[in-house]
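Both of the next two complexes hold chain A, though its partner changes from chain B to chain C.
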Partner chain A sequence: MTDNWTVLVGVKQVPDEDDVSIDPDTGTLNRAEAAAILNPPDKNALEAALRLKDEVGARVIAVTMGPPTATPVLELAVALGCDDGALISDYAFAGSDTWPTSLTLARAGEYFDADVFICGEETTDSSTGQVPPGIAAHLDWAQLTYVEELEPRPEDDQLAAVRDVEGGWERVVADLPVVVAVGYGENQPRPSGLHRKIYAENEFEPIELDAEELGIDADEVGLDASPTQVGGMDTASPVEREQELLDSVDDLAATLHKQEVV
Partner chain B sequence: MPEVDVSEYSDVWVFIEEHAGEVAPVSWELLSEAQSLMENKDEDEELVALCIGENLDDVAEEALARGADRALVADDPVFEPYRADPYGKQFRHLVAERKPDVVLIGGTSTGRDFAGRVAVPTHAGLTADCTELGIDDEGHLEAGRPAFGGNVIATIKCENHRPQMATIRPGVFEATEPAEADGDVDHVEVVVTEDETVTEVETREVGETVDITDADRIVAVGGGIEGDLGPAEMLADALDAELAASRKAVDSGWVGHDRQVGQTGKSVRPELYVAVGISGAVQHLEGMNDSEVVVAINNDPNAPMFDHADYGIVGDLFEVCEELAEQIGNPEALQEVIA
Partner chain C sequence: MNVLQSREGPPANPNYDHRYDAIVVGAGLAGSAAAITMARDGLDVLLIERGSYPGAKNVFGGVMYTPTIRELVDIDSAPTERYVAERRYSMLTEEDEIAASVSIGDWHEPPHNDSFTVIRGDFDEWFAEQAVEEGATLITETTVTDLIREDGRIVGVETDRPDGAVRAPVVVLAEGGNSLVSESAGLKETDHREHIAVAVKEVLEFPGDSRKIIEDRFRLVDDDGAAYHYFGKGAVGDAFGGAFLYTNDDTISVGLAYRIEDAVTEKISPQDRLDEFKSHPAVAPIFRDARTVEYGAKTIPEGGASAMPELVHDGALLVGDTAGLVLNNGVHLEGTNMAVESGFHAGKAVVKAFGSKATPRPADAATAGTESAGQVRADGGVSNTTRPSVTVRASDLQSYPDSLEQSFVVENLEHYEWLINRVVEDKQLLFEDLPEALADAAAEYFTIDRQPKQTHGRLAKERIMHTVGGLRGAIKLGWRYRKMIR
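What follows is the complex of A and B.
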């Protein structure tokens, strides 16, 4: 067996979508008021990484690209069992779409000399799912997306995965290094242990990295390096629904008949 | 960043997603929508079907019959089954050589895996999960996508980079029937060899897939069914409806992924959508909001699904489904309740 694997996990802080509301008067989004939480699919990414640690003794580092206020997601990751956490933060990153975001995370992959970079399926605030394949493409690494289960093969420097494909599944073996995107809900995330939690909350300080330390030029990231721009936002006219509660199945059957749907 | 001369780029490409000769229906949906886009493009631009795989003669022929002016075919065993690394390398080569202006890709697991992989090296602008496509006055692609649980449609543009790429969920657009094939097939040079690949597919188990996007009636089940499909299937039978599911029911293994409705599944717009034991999460609603009549059956009166339904019954789904199935399946009983 080679040295223990270094496993990075990409985690992102997102607004709690149950909290994001639309101001009925102005039609704008009240995003700022929403509580900030760990992107739910990233819990599955963390669990997959911690299982690799259990199975092959990996060193697991959670990384987040975001403002310093995103540190709580790293604390949570450390409380769950990650060995360390890195905050990647720089004014130069402001306005980055998925292209510079995946570039930055790719450079972090190189910086930590990662063998495996595990992500969630997608984020609930941008929901593109493009960052993991983007990281793999920047680095020219193998990629495994929509992963149900990982099967490490350290003796061959390979990682196998069962992936979800349309109408079934496939088992794919990738040569290291590799980027993984775990399917949302595919594993049962563990609770955090008490000792780790106390450590995470009281002692843990994230590794801090900026663009320069990752060897990133300011013009490679941020708004100017983002190929896509939001050209406009329109409030979608909500679909009008009757919202009629019926007292009995008889009523429902009769109503559907009247509407000529049955 | 290197400046990109966007005027050098032309044509609209549609990625024809194919597995062992079976074409994902979304590819044909996109080919049909792309024909409308062509109306706002220059006369001499072409609609190109990009076919990567093995033994693609029939696929290329069908693509022409479904409206493509040209089929670009990369035919080689290295492309079967799909893997991101060889597909990505081939695509990059074709983009560098032919400079497409727009590339449309189905929002399936494979399509998203592919799109994310290829957008980066070409520095393309990629918009995920679009529900509306258009071309603006300056010839840029306008890609509309729902944001914040469908409350907002954001229009994404990519003015300074090419190609302009978008993924579109299955079921958003309608496929047109094939007609007379009229166009050219170009076999392109395959630039990938097996020994360069970094992944290997060891096993692949794929069964028959169902296309729920054309169904006129749908009975969709959610977490509330607790693994017991019986009552919902009975109702689907009585209604002559197709069975669909929330992601919860799919992830629990009760229903196949091909029947999933929502943001990471399919978009459906049936005449009747019956949500059985589905809470009504935004990711689910995004896939069924265009249905004509929506019925919700749920034992929690506060389930958000009721706000997005025309008619609701608060009650135990096992009882309600069975009773409703009996009523509908039995013309005499139905006559009685109508009277």
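What follows is the complex of A and C.
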């Protein structure tokens, strides 16, 4: 491959979990007032992508699906160092579950002729983790999930990844193009530079793409094309844990023995 | 093929050096007031705030005094909580309370004596938005760590971000009471500890209909609010200061402020002191069932006019708390109005300085001779263009200290400085002996027993006269404080 890699990073705007308050009188969650922020695992995806830019000069483009009010997550991506950002927005997408969402992102991957499509492990507002493998499935690309670290091998058109596995790690090499899901918290995201931040928040205008431009039929996406529906929601009340204060280590050992814990 | 071919994307290295006429450090009241004033007159302003939003770092009490804000912006759209319809001043001994309440009919009418309780987290965010609407650029989550100097003058700021230096001809320092940047840059001396107060504050709410409970407990109707001030041993122990209690829309703010010297030398911590105040028998019932939703602490500069630093420097101005513009004379506790006033005058002075410097605006920056070979973007964007650098000297900014001198700000600070000094001298008498004497005298005067009223009246008078040193003492005391109602 002669050209530099094109790396797409999927990012999403979600309600700030820390801001979701519980009404102490009714016990219900108050999500409406929560601030909209970048999905926290996406910070690790952006960092992994920007490291590819640092290491092999990749061109990094952030993409998000959502209404125009989601633009701040693209601004943040550009502030951090992404070369550009695209907002994929269309009324046809309303109500999409993970299947049409990953289809749409897959088409964006084709549209930008991406070599690598990097996502966070999951989004904190739905926590399915299905979208990155979904993109790979729609495109029939290789996939690297729960990635700790990426090792680009541009001379071989390959991307190696250190993956988190039960009891340790493994190194897996995939041929391009490839979808990557970066493990949450696996790298230390960089802060954005001052001048890039000023630019991104004040002058940057994202690329705007709709379903038609991505070659998507309206009946392929949206609520009707979503095979899953939310059946219902309930809140769980925490169970008060039994506790016992013991004076000495010997007492603790004796108690644990008595309760056949050890 | 795709949009990237035809698109001029983000520049590889955007650079905003010399793109702004002024950088404002801190988007509090003083900073935003300066930003609004400068942006309104056509200057390009970069407003840098360390919090995640303006007001996020604020721990102010408080009642906001709005005469100058009203001049600058549409106060009716501001997120105020309640207007102050009742002011109550209360002396607390360890167990007793003697209080005076002031409630003026006019205060119920707009402009409500320009006194509103506010939650600064909401208010400051709104106030900074007004600066943005005037054209200022607001950057949050960015801490200014140092000033950039060249040939002795200030030419920009250094921030905690990568690529974090940005240059502009003028820097307005509105960093608040804890003015680390101004101090480390040598623009002001570190405050003496007797000039600094420590303030702690809690915001409380009540379970259920918190708004209604507050209205019932404070006897409020609609947007009425109450501002209670407490002095004496029952409020702040042996320290020099006072406690306050303000009603917000559906919460109450309670806190106290006293000299940091007292916090250092006394055994009790400010938060324990606040707990003691909250459990005083005269105030505890107000807090029944309340739960704390917010807790904070801050420092307040209160050195008065003589502690004011040099306000203008080559390329920089000091405003608000950073300039020590807080008035705390016991009765009046004001800083917000002076912050806004100083930001306004500082902004005007910068505008005036630029009026004589005539910098090219961004639109013509591309055609004007620029200092460095900035790359002009094809779409007409100017993110890489620079302007000729301008030098603004302290002498160009002299109208700021001059107009502040003529405003109520310095006049008030100077007028009340003598009072604060007197009160410090008479602290034992005013905050301890006299309240106790008054409480004892009142108890005596109102005693119901089988002695004639006259006897109780005489004993009560004796109790007070003994404390102030007889008739001569009382006259001397009145003379000492005559200027207070000048």
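By definition in this document, the second predicted complex is superposed on the first by the 227 of 262 C-alpha atoms of A that agree within 3 Å, B and C clash if a C-alpha of one lies under 4 Å from a C-alpha of the other, contacts with A are read in each partner's own complex, and residues count from 1 in each chain.
Assume a residue touches a chain if its C-beta (ideal position, glycine included) is under 8 Å from a C-beta of that chain, and two chains touch if they have at least 3 such contacts.
Just so you know, these numbers come straight off a predicted model, no measurement behind them.
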{"item": "Which of chain B and chain C A:174 touches, first, second, both or neither", "value": "first"}
{"item": "First, second, both or neither for A:166, with chain B first and chain C second", "value": "first"}
{"item": "First, second, both or neither for A:111, with chain B first and chain C second", "value": "second"}
{"item": "Touching partner for A:262 - first (chain B), second (chain C), both, neither", "value": "first"}
{"item": "Partner chain in contact with A:245 - chain B first, chain C second, else both or neither", "value": "first"}
{"item": "Touching partner for A:207 - first (chain B), second (chain C), both, neither", "value": "second"}
{"item": "First, second, both or neither for A:188, with chain B first and chain C second", "value": "neither"}
{"item": "In the superposition, chain B vs chain C on chain A residues touched", "value": "B"}
{"item": "Residues of chain B that touch chain A when the two form their complex", "value": "1, 19, 24, 81, 83-85, 88, 108-110, 112-113, 115-121, 123-129, 142, 146-161, 198-209, 217, 239, 247, 251, 256-258, 263-264, 271-272, 282, 289-290, 292-295, 301, 306-314, 320, 323-324, 327-328, 334, 337-338"}
{"item": "Of all residues in chain C, those that touch chain A in their complex", "value": "1-4, 7, 9-11, 13-16, 46, 137, 139, 142, 159-166, 207-208, 291, 381, 383"}
{"item": "Of all residues in chain A, those that touch chain B in their complex", "value": "17, 20, 22, 29, 98-99, 102-103, 121-122, 127-134, 136-138, 141-146, 160, 163-175, 178, 184-186, 219-220, 224-225, 227-236, 238-239, 241-246, 248-259, 261-262"}
{"item": "Parts of chain A lying in touch with chain C, wherever the complex brings them together", "value": "24-25, 61, 78, 83-84, 86, 111-113, 190-204, 207, 209"}
